[in-house]
Amino acid sequence: MAEAGRLRQAIWRQVDPEAYQRDGLSPTNRAVVCIVAVSSIIAILETEPTVEDMAPRAFACLEWIFGILFLVEYPVRLWAEGANPRFRGVQGRIRYAISPPAIIDLIAFLPSLVVPLLPGTANFMLLRLFRLLRILRLARLGRFSVAMGHLSRAVTDRREELLLSLMLAIFILVFSAAGMYLLEGENDTLAFGSIPRAMWWSVCTLTTVGYGDIYPHTVGGKILGGLTSIAGIGLIAMPTGILAAAFSDAFQRTRVARHGDATWTA
Amino acid sequence: MAEAGRLRQAIWRQVDPEAYQRDGLSPTNRAVVCIVAVSSIIAILETEPTVEDMAPRAFACLEWIFGILFLVEYPVRLWAEGANPRFRGVQGRIRYAISPPAIIDLIAFLPSLVVPLLPGTANFMLLRLFRLLRILRLARLGRFSVAMGHLSRAVTDRREELLLSLMLAIFILVFSAAGMYLLEGENDTLAFGSIPRAMWWSVCTLTTVGYGDIYPHTVGGKILGGLTSIAGIGLIAMPTGILAAAFSDAFQRTRVARHGDATWTA
Amino acid sequence: MAEAGRLRQAIWRQVDPEAYQRDGLSPTNRAVVCIVAVSSIIAILETEPTVEDMAPRAFACLEWIFGILFLVEYPVRLWAEGANPRFRGVQGRIRYAISPPAIIDLIAFLPSLVVPLLPGTANFMLLRLFRLLRILRLARLGRFSVAMGHLSRAVTDRREELLLSLMLAIFILVFSAAGMYLLEGENDTLAFGSIPRAMWWSVCTLTTVGYGDIYPHTVGGKILGGLTSIAGIGLIAMPTGILAAAFSDAFQRTRVARHGDATWTA
Amino acid sequence: MAEAGRLRQAIWRQVDPEAYQRDGLSPTNRAVVCIVAVSSIIAILETEPTVEDMAPRAFACLEWIFGILFLVEYPVRLWAEGANPRFRGVQGRIRYAISPPAIIDLIAFLPSLVVPLLPGTANFMLLRLFRLLRILRLARLGRFSVAMGHLSRAVTDRREELLLSLMLAIFILVFSAAGMYLLEGENDTLAFGSIPRAMWWSVCTLTTVGYGDIYPHTVGGKILGGLTSIAGIGLIAMPTGILAAAFSDAFQRTRVARHGDATWTA
């Protein structure tokens, strides 16, 4: 019994990135990363008819293999989490099973099993795409690195400033769309005939994407368009500047936490 | 009488974000934010004929409800501001009534009442758009957050540098447009036949929007176009760098004001 | 004689921004700024036939007035510079006359006088554009502000890093153009038939302008195009990051020079 | 014999940028930079038929001259490297000959000699392009400047953060492409008929290039397109912010290493 407990403990340390005692990822999780990456690439390529038609059996076969791998992995993880003080007992397992990481693990294999059983092809495409959610497992593993700490600290520390600059962006978006609707709405009903329509132009211009499917034709519209483009530069500059200052802070804090001082000389 | 004064005081603290004694917004102002947001989204959607035709009565009805809400709110605010030492008495009220926030509040309901009374539809579209100015009320409430302080301090501290980089942008804009007018003006009169026309291309290129409605065709024009694009990168980099440094300063100053020291260790 | 000297001294302090004893610009130079701005806007508008045809006489008339103003200003400046210790005597005046600011002043009025005397219209367009160089006078005045000091210090301090990132950009430009020439050169001779042609696509993609006049059509070309776009993000990020750090330095140094310490608490 | 050794030492100090005892580049290496730059420009121009047809003999002739120059340079470098303690003796030479810089030097002249000997023109284009790899020699020389140290330190110090933001970009890329495939896949099979196809749109939108060859047509697609564009702004802001903070660090460290203190006042 103690042996089983020790085995479970060892497996838990292998499969749960939070429980791994060394830096980085355990060998098991590294293998999972590879399988998730490969299966995601295959799930992407499979949607392309010209690629799938080359070897439809190979794709189906690979999908079965991945499905079985994830199918086996799920109960192992569920069992191993029993070694986690947070998820002890039956209640703990249920709590684990409804936690977001476990649901992502579930989604990783369920569609592979369900899709072949469905008779029609109505929601076939959508179900297949569910497999792409496996890729989210990579995000979970990244959470435990120092770099992720920096990124998330910088964003959360300055979330209010970032939200305010998003709000400012929405203001400019609405007013430039309204202006364009007034200036060009009557000439080009299809593109600027209403504010929601003009907002498609606005968002393309403010983000400096500029597809060129719609653009102003009158002099007034071009002046407003030019001003909107320049405002777009400001809207890129604002969050970038906020994030730059926030990263500077986050890096400095890590340094202080390590060396006990904010200056490089210490 | 003292009771009325105390009620007015209480209402004033609810409706004036500057007078609210706790952090954030009072419940009343939170409700106002929601109503303004919803009524703005409706004012935007309403301009789209395919949406309005689905339920023209519902839109008209909602508009009436919002109009009445803002109509009721305006005299309440005017009356409650009497508790504000800055706007005491009749003179104070008049000063309040001609202050920008009060005018925005007025615009928030006047068009809803006036539009249905107008016989023709000549300036109908413009009047309806006035309602969108309600959205400016959100800006007023944002002014009292720490984040807004950071943003505005960063921009105002470095307004000269930002203005100079805008001036530099205008220089490059004018000279690239003049160059394109010389190089391509004779081949493509419609697009580059004058400097103002070429400026439309210039602004699209410098801001890296690049609609693609006009672009150079000659070798010389393409070389100038490439140089203008690269200059555009510089024009994005300059304000972004200025703002990044300014935000760094603004955040540091807040920290100093709070902790009495600029370093993290203190 | 001493009176003339004192008058010259006074005029010199008015016309030479470097000699003005107070902050900002002297009233005379502020007037010059306005005249230069107005005459530049007119020189720009004049190239647009639909605008000039509205009042060709008014434009010609204004041009004469501006020409005469600058014609009068030039000898006044030349005479007043005699009060400048650096430009004393005849030799000093000649040295002043061939200095870049004086040449810009000369260009400001010469074309206005020469253009009407020319019989043909061959180089007429080019000569008229020379007047636009007047706008450079604004740049000269900006040089004496603190903000300009920040901008130029940040750029010159990090000119090597900025040049290196420009060199890196040229590397990526050349190799992405060469790659596209190999991948798409045979299919689309007009757009990718040689490296110089493909460089037009490369520069549009790397700077994220993306006119859309040419874009890859093959799978390999699209993959290279995607990688080039992502490299373009890096090429925007690099100079922006360099400038942000440099501005941070430049602002800090100004603070130190003023307050004798680098921290906000001092 | 000692004389030959001293000559070899002197030549080594001239040709090996790492061995040069003063700042910057040796006169020999400066000449090499010029020749490499000129020959690269010629190799680029040569691919343009309209340019090459003007003087095909001159281009062939120049190519021979450059080939001979690099052919002579290679054994000289190989011989001179004997003065380098790291590459002494025959074994050292072999180790030098298979080091990346030596291989780039080899590629710099081999194609010039091999191309004219080949009978067919099958891989002619590709071979000619090999000559462009000469340009990589410039990169090798840049490695020894302070600025390059800043750039590479900033990037390597924050490579994890930069990789994470690249991973985040790939996540958004995949999910926006998958979303567009679901929303527009049936309407526009050519552009959005599979996830790999939709990724071309995604990468163009996220990097804000926006060629405009494909863009969403349905309302849902336009909403997703707008959100993707805004996410693109974030993806530009994130690496830029990381690099800005990293450059700030790298510059500060250089300052500390030079002056022994992190503050400007010391």
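Should a chain be cited, it is by its letter among A, B, C and D, assigned in written order, with residues numbered from 1 in that chain.
Assume a contact is a pair of C-beta atoms (placed from the backbone, for glycine too) under 8 Å apart; a residue touches a chain by one contact, two chains touch by 3 or more.
These numbers come from a predicted model, not from an experiment.
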Least hop count linking subunit A to subunit C through chains in contact: 1
Farthest-lying chain, centroid of Cα atoms versus that of subunit B: D
Rotation in the CA alignment of subunit A with subunit B, degrees, nearest 5: 90
Rounded Å distance, subunit C centre to subunit D centre (Cα mean): 30
Chain centre separation (subunit B, subunit D; CA means) in Å: 43
Subunit A residues counted as touching two or more neighbouring chains: 199, 208-212, 236, 240-242, 244-246, 248, 263
Interface residues, subunit A side, partner subunit C - complex: 208-212, 240-241, 244
In the complex, subunit A residues that touch subunit D: 40, 44-45, 47-49, 51, 125-126, 129, 132, 135, 138-139, 142, 145-148, 150-151, 154, 166, 169, 199-200, 203-204, 207-213, 235-236, 239-248, 250-251, 263-265
Complex contacts: residues of subunit C adjacent to subunit D: 158, 160-161, 163-165, 167, 171, 174-175, 177-178, 181-182, 185, 193-197, 199, 205, 208-212, 215, 222, 225-226, 229-230, 232-234, 236-238, 240-242, 244-246, 248-249, 252-253, 256, 260-263
